[in-house]
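Note that subunit A is present in both complexes that follow, paired respectively with subunit B and with subunit C.
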Partner chain A sequence: MSFSTTLYNTFFRRNSIFVGTVFAGAFAFGIGFDTGATAFFDRWNRGKQWKDIRHKYVEAAEEEE
Partner chain B sequence: MLARQLSKGPALSALRRKNPLSIPRAFAVRNASTASSSSAFESFLNSRLTLASVSLFTAGSVAWYTHLYGSLPFLGQVHASHASEEGLHPPDYPWPHAGLIDTFDHASIRRGYQVYREVCAACHSLDRIAWRNFVGVSHTVDEARAMAEEVEYQDGPDDQGEMFMRPGKIADYLPGPYPNEEAARAGNAGALPPDLSLIVKARHGGANYVYALITGYVDPPAGVEVREGMNYNPFFPGGAIGMARVLFDGLVEYEDGTPATTSQMAKDVVTFLHWAAEPEHDDRKKNGIKAVILFSTLTLLSLYVKRFKWTPIKNRKILYDPPVDKKH
Partner chain C sequence: MAFNGLKKAVTLSPCVRTLPSGVPAAPLLNLAARAPADPHDHGHGVAGPRSDSTPRWVGGVSRTASGLASKSYVTLSPTTPLSARFLHTSVAVKDAPQVPDFSHYRANDNDSNRAFSYFMVGTFGLVSASVAKSTVTEFLKTMSASADVLALAKVEIELASIPEGKNVIVKWRGKPVFVRHRTQSEVDEARETKWESLRDPESDEQRVKKPEWLVMLGICTHLGCVPIGESGDFGGWFCPCHGSHYDISGRVRKGPAPLNLEIPAYEFNDAEGKLVIG
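The block that comes next holds the complex of A and B.
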C-alpha cells in the first residue's frame, strides 16, 4: 500500500476524520507557532522584559514579609 | 561565397564614396520611413486623452507637493517667524525599544517611574495610569498595593452621606499634584504643566522630542530675550518654556545602583512615559511579528497555488485539426 493510499484511507476517506484532522491540526499549529514565536521573541529581548527582572523584586518582597 | 562577401564590402563603400548623393538619399528614405510614426506621435500629442491625463498628473503632483510640504512648489514664501519658532528637530536616539521587534527595557521603566515620582510628579499629573497598570510591567502586586496605600483617596458617600478619605486601592488612578487646572496654572506662573499620560504620542518626534527637551536646556543665544520666569530651550517651539531644567546629575538614587546621570534619568523617565502612552507596545510588536510570518507564508502559498493552477492554461497550445476530407 503506497503512502498516498494510506493517507487517503487514514484521513480523507471519512469526512468526520478529515474535519477532525483539520481542527486538531489547527489547534496544534496554533500552540506550536505561538510557542515558537514567543521563544524567539523572548530570546531576542533577553533581559529586557518584566519576566526577566521580576525575580529581583519578588524575592525582595518575600524577605520583607 | 566567402570571396563574394569579401568583395562586396569594399565595392559598396567604393560606390558610396564615388556617389555622395546616395547618402542623402538614404537619409531621405529613412525620413520617409519614420514619417508615419512621427504622425502617430503628433496625433498622440494632440489627443484629448493625453491632454487630460497630463493635466491631471500636473494637478495631482502640485496637490501632493502642497499636501506634503504645506506650500505650493516653485513659489517663494516669506515668513514673519523664524525657523526657530518651530523648535529644533530632535535627533533620533538609539532607544532599546526602537526596533521592529524590540520590547521596552522594563528595568528602565521601573527607574523611570522612580524619576517621575520623585521629580516630575511635583507638577505633572499622570491621569490615565492606575496603580494596577504597574503590575507585571515594572512592579509586583505587593509593591503596587503598597504604593497605592500610601495615598489617601476620597470615597463615599457613607451611611451618613459623608465623603470620607481612605487609603488607595490598586485600582485607583495616580493622584495629580493639583486639584484642578486653575490651581496648576496658579502654581506655575500661568503655564499649565501638561498631563504626561499620552505626552509621547501627543508631541511631534515622540520620545526623541521629550528626551531632547528635558536634556536640551542651554543658555539663550545672543540676541534672544527670554522673559522673566521663562527658560530657553531650543527644542521647544518658540524657544521659551515655562518649565525650568529639573534633571541634574545625582538627583535621584536608583535602587538598582545605576548611576543617576542627567541623561540616564531622562532616558528612564522617557521610557516610562513611552510605556504610559503605549502600554500595548510589547504585545503589539509580538503579535506583529507573528502576523508578518503568517501572512507572508499565506501570500507565498497563494502565489504558488495560482501559478500551479494557471500553468497548464498559460502553456497550452491550441492546434487546429482540420477535418479530413473523406471523399478522396
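The block that comes next holds the complex of A and C.
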C-alpha cells in the first residue's frame, strides 16, 4: 500500500478525523508559530531587551547599597 | 542604389478619363490581357479566366468605340422567403467530432492525486483555523487591562521587614490588606482548629500559600469595617463595629459576619524576598 493510500485511509477517510486533525494541527501550529516568532524576536533583538541587560543594573544597584 | 534625385522629363497623360456620360474611358486598355504564365508555381496550373466567371451572354464589361461599357442582359429574381438558400457560410457538419486528447493532463496516479487534494484542503483549513483563533484572542485581549494598569494595580512588600508575630497593613487598590507573619504556635493553633463546624468552613491550608504568611483583605465581611488586629476572643482580629471575631487564620468565629476575611490574589517572589499582591 502506497504512502498516499495510507495517508488517505488514516486521516482523510472519516470527516471527523479529518476535522479533528485540522484543529489539533492548528493548535500545534499556533504554539509552534508563537514559539518560533518569539525566538526569532529575541535573537534579532539580542542585547537590547531588559532581560538581557538586567544583570548589569541590578548588580550595580546592590553595590551602591 | 543611390537616388540623389528624381526627375521627370516627360509627363504622361492619365490613361483613364471620364466621358461626359459618366462612363470611364480607357482607350488603350486591353481587357484580354492575361497574367504571365505563372511565375510562381503553386500548383493550380496556368492562370486563366476564373472558373466561376459569368458567361458572355449574361453581360459584362466590353470595349466599345466610345469606351468601356458594362451591360447585363439577365435580371435575376430576388430570393423569396420560400426559396432555398444556395449560398451559406456555416461550418460543415462532420460525422465524428474529434475529441481532444486529454491524457497529457490527466493525473498519473489517482490515489496520490486524491491524497494531495485532501492535504491541500486540510492545510488551508489548518491555517484558517489558526487565523480565526488568533483573531478572536487578539480581539479579546483588547478588552483586558493593559500592562501598565496591571503594574499599577500591584503592591510589593519586603518580607524581611516584617518581624515574626507582627501585622502589616498595606493599601492595595484602595483597600487595606493585612499581612501577618505568624509564629509557629499560631500556625499550629490555626491548623488544629476544627474548621469543619465553622460558619464558613475553610481549612488553614486553603487560605495560605506559606504557613507563616497570612495575607487577606482587611474588610469585615459583615458591613465593611476594618477589623483591629491582635484582639478578639480568638487571638486574631476583632471588628469594632458589630463585634465580629476572627481567628488567627482570618476565619469568622463569632459575631454577625457571614464569611471569612477574603484572600486576595498574591504570590511570593522568592528571589527578591518580596510579596506581590495583585
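Methods note: the second predicted complex is superposed on the first by the 53 of 65 C-alpha atoms of A that agree within 3 Å, B and C clash if a C-alpha of one lies under 4 Å from a C-alpha of the other, contacts with A are read in each partner's own complex, and residues count from 1 in each chain.
Please note the rule applied: a residue touches a chain if its C-beta (ideal position, glycine included) is under 8 Å from a C-beta of that chain, and two chains touch if they have at least 3 such contacts.
Quick caveat, the model's predicted, so the values are computed rather than measured.
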Which of subunit B and subunit C A:11 touches, first, second, both or neither: second
Partner chain(s) touched by A:57 [first = subunit B, second = subunit C, both, neither]: first
Which of subunit B and subunit C A:30 touches, first, second, both or neither: second
Touched partner set for A:2, first subunit B, second subunit C, both or neither: second
Subunit B versus subunit C as contact partner of A:38, first or second or both or neither: first
Which superposed partner A:21 touches (first subunit B, second subunit C, both, neither): second
Shared contact residues on subunit A - subunit B and subunit C: 33
Sites on subunit C touched by subunit A in the complex: 109, 111-112, 114-116, 118-119, 122, 125-127, 129-130, 133-134
Interfacial residue positions of subunit B with respect to subunit A in the complex: 96, 101-107, 110, 136-140, 142-143, 256, 282, 285-286, 289-290, 293-294
Footprint of subunit B on subunit A - complex, ascending: 33-34, 37-38, 40-41, 44-45, 48-50, 52-54, 56-58, 61
Residue ranges of subunit A in contact with subunit C within the complex: 2, 4-5, 7-8, 11-12, 18-19, 21-23, 25-26, 29-30, 33
